[in-house]
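First the structure, in the form of structure tokens, and then the observations on it.
By written order: A, B, C and D. Residues from 1 in each chain.
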Amino acid sequence: MNAAFLILSLLAVAGALLAIRLHNLVHATLSLMFFFVALAGLFVLLMAEFIAAVQILVYVGAVGILILFAIMLTPHVTGENHGRLCSRGWIWGLAGAGAVFLILIAPVLLMAGLDTPPATAALSPSVREIGLVLMTPYGIALLVMALLLTAALVGAVVAASPPARDKDEPKP
Amino acid sequence: MLGSGIFKGLAVTAKNFFGSYFCKSRLTTLQYPEAGNTITAFSRNIPFLVFDSEEAPLDTLRCVSCKICEKECPPQCIYIVQDKDANGKALKQPRIFDIDISVCMGCQICVEVCPFEAIKMDSTFELAGADRFADLLLHRDQLAKPNTYFHKIHPAEAQEVDARLAAKQKKPAAA
Amino acid sequence: MILDNPDQLIVNLVQQGLDLLSGFPIVVLVLCLLLSTVPLIAIFPACFAITTWLERKGLARIQNRIGPNRAGWFGLLQPVADGIKMLLKEDIVPRAGDQLTHFLAPVLLLVPAFTVLAVLPFSRNMTPAAADTGVILFFAIGSVSTLPVFLAGWSSHNKYSLLGGMRAIAQMVSYEIPLVLSTVTVVMLTGSLNTVRIVEAQQVSSWVLGDNAALQILGQVLKWNVFTPWGFIGFLIFFVASLAEVNRCPFDLPEADSEIVAGHLTEYSGFKYALFFMAEYISAFAISGLAVTLFLGGWSGPNIRPWWSDDPQALLIPGFVWFFLKMFALILAMIWIRGTLPRLRVDHLMGFAWKFLMPLALLNIFVAGAYYYLPRWIGWPAGFVVLYVCYEWLGRINRGSLGPKRTYRYA
Amino acid sequence: MVTLQHYLILSAVLFSIGLLGVLTRRHAVIVLIGIEIMLNAANLNLIAFWRFGPHLENFEGLLFTLFSIAVAAAEASVGLALVIAVYRHFKTPDVEKMNTLRE
């Protein structure tokens, strides 16, 4: 097995596990970042260089920082004095996750008997080709995506802004 | 034009930058050990004890060990023990006069309160030592400095003090 | 003859050396890896040392002081003395702080700072990683550097550090938008994200390959992106945003020493502090290098073909000389600005990014699009006029009122 | 030799870890982190299928991943805004305590 794949996948699994098990939220976010970076490495292994760059740009640069901001904006969240880590009935959650894992892994294990097509010859798509495909056949999807992002931007601002103060209420 | 103020500011700093190479009067820095220092007649740092005669420095100290300065010193850096003769009679001079200059804050209150003009402000500042306890605790013999030295560092003030002392000596004679 | 092309001298020497070893592919692979990383790790810290000296000297002269002049000739050994001092200092970690993240933050900050250098084309055939996604890779890896700055602020368990860290995140995230939008114009008109292609597009290749020496010089200068209307405004936006991105004056709010001690650096001492300092300067080099690549023609500069050479690609002065000259010119401009402008207020900082730089960068993209389709003799002056009007207009609507004129009774 | 199966197993493991986080943790932000992990696992799956599939030149897996990353970014921003809004209302980030529909 490829050493790079092994290291990156171990990093990814460790990062994901720590991200959901750590008490300290900032540590959890940090290990989530390691998970994202390891996944970007896997994307590079799969010759999706551009997606790897986008992954780092969007997840590490934006989503991760956003999570940190949310953690910082809600006080009493960083502390470790939370008592219980898991919710009541966590055992059912564990069982559900395990069941989903079994369902996901079953076809893979069954497929192991079949002969899989070997990976086609290396082809690293240039950004220009991706851009051309993105602009012509998937142009509408791109526009819809732009709309979605705008809507999300407006929605996030509306949802996160504090409720409007009543006009009769005297100003503090 | 918007942002032209930034260019004006940049021009000013550029003028300073190049000016400091061509115009010597711009560079006011004195390079300390080689080109001397900037001690003036107004410099004040730590106190010293004045004596009158160069021959017997520790016997002609003006200090009578009245301990007013010791009491008044805000950070309490002065320590005085009065001298006694063989019979145990108190003498009007200090046996120990220590100033911890690591504590002294140079407030000049000891000088203000001294009725005998015995303690004055020094302008020396090269006081660094290798031992932070022993080297910064100045004893009587290190603190004692002649009146001529006082004249050298603070001439105007020293003349004033001499005149006052002379007047004081004359007054009891007249009375 | 190896001296036929002084520009490619190093490349050719390395190539010949590697050819000798072609029997040992593993050795060649390791050597290739080392050759593309070790020079970066060696040269840029050296540049950092020189720049700290330059900055201290320059700022001192701007303020009519002398600056460091004791360690070595003209104080040139000052960086060495600083380094020794930093190494020997006690490494203090706050007891209430988070030990692991406090240690990780400076290390994590240095990694992206060095990694982004790999996509910069220092000269022809001298790009450590000539990736197809060069520019986007630069911004992707560069955007990681916000995280360690925040971690440094948070792990110190100190109000000032946390404030500095939060300020740093807010500032870096906001200024990344005009930064990226101003590069979009270059990428659009070049049609490539590859940094090497972007530099090559800024040369008039027919003139450079021709025989006329004057045309060879002009051909490597006239087509720089900064001489077009969108390139000029784009360069200005890029430069200003990059000042904010690397926390230089007048955007040094995260470590504003007069307000919040030293921001996220407050609780750092010794070599960890030196690492922060180095990372800051190296990202300043990297972003200046990208500005040179995108707008100032990269390795191309007034250069002729050596008279003894027949190779049409040959150049007399090696390209990396021009690259580093231009990069240091930008660094000196940063120092000059640091000596001139006072620090912004936080709300002004955010307003400047979102209300002025971002709309201007967006308009710049439209102008660049029009410039591409219009004939040059219309597009060039018209672009400048339109962008100037937009610039003044945006400035006017952002100016705000000064409020009622104050009168001072006792002054 | 790394084959498609390895990537699929890795992706399944990551997805289950994300699901575990969503189902068992009480903190709202951790629940969001779990959702991000699940989305990333799905992205890995898409890219792996594209890489080992017969039509490399169509970029379908790449583009699907690109769009899913964009959706994930939108989801994260709205989700975190909701976390902040809900926190402001209930004064707790604990999803177990958010058990009333009004007041």
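Details
What we mean here is this: a contact is a pair of C-beta atoms (placed from the backbone, for glycine too) under 8 Å apart; a residue touches a chain by one contact, two chains touch by 3 or more.
Bear in mind that the values here come from a model prediction, so they are computed numbers and not experimental data.
The minimum number of touch steps separating chain C from chain D is 2. With centres defined by CA atoms alone, the chain at the far end from chain A is B.
More inter-chain C-beta contacts link the pair A-D than the other of A-C and A-D. Averaged Cα coordinates give chain A a centre that lies 69 Å from the centre of chain B. Each chain gets a centre from the mean of its Cα atoms; for chain B and chain D, those two points are 73 Å apart. Here the CA centre of chain A is 30 Å from the CA centre of chain C. Chain D has its Cα centroid 5 Å from the Cα centroid of chain A. Each of residues 50, 54, 62, 69 in chain A touches at least two other chains.
Among the residues of chain D, none is in touch with two or more other chains. Taken as a contact graph, the chains are arranged in an open line, each linked only to its neighbours along the path. The complete set of chain-chain contacts reads A-C, A-D, B-C. Chain contact summary for the complex, chain A toward chain C: residues 24, 26-27, 30, 33, 37, 49-50, 53-54, 56-57, 60-62, 64-65, 68-69, 72, 78, 124, 126-128.
Interface residues of chain C facing chain A in the complex, by the touch rule stated above, are 98, 100-101, 104, 131-133, 136-137, 139-141, 143-144, 146-147, 150-151, 154, 166, 169, 173, 176, 191-193. Residues 1-2, 5, 9, 12-13, 16-17, 19-20, 25, 28-29, 32, 35-36, 39, 42-43, 45-48, 50-51, 54-55, 58-59, 62-63, 66-67, 69-71, 73-74, 77, 82, 84-88, 90, 92-94, 96-98, 100-101, 104-105, 108, 111-112, 116-117, 119-120, 123, 125, 129-130, 133-134, 138, 141, 145, 148-149, 151-153, 155-160, 162 of chain A touch chain D in their complex. Across the complex, chain A is touched by residues 1-27, 29-30, 32-34, 36-37, 40, 43-44, 47-48, 50-54, 56-59, 61-63, 65-67, 69-78, 80-85, 87-88, 93, 95-96 of chain D. Residues 58, 61-66, 336-337, 339-341, 391-392, 395-396 of chain C touch chain B in their complex.
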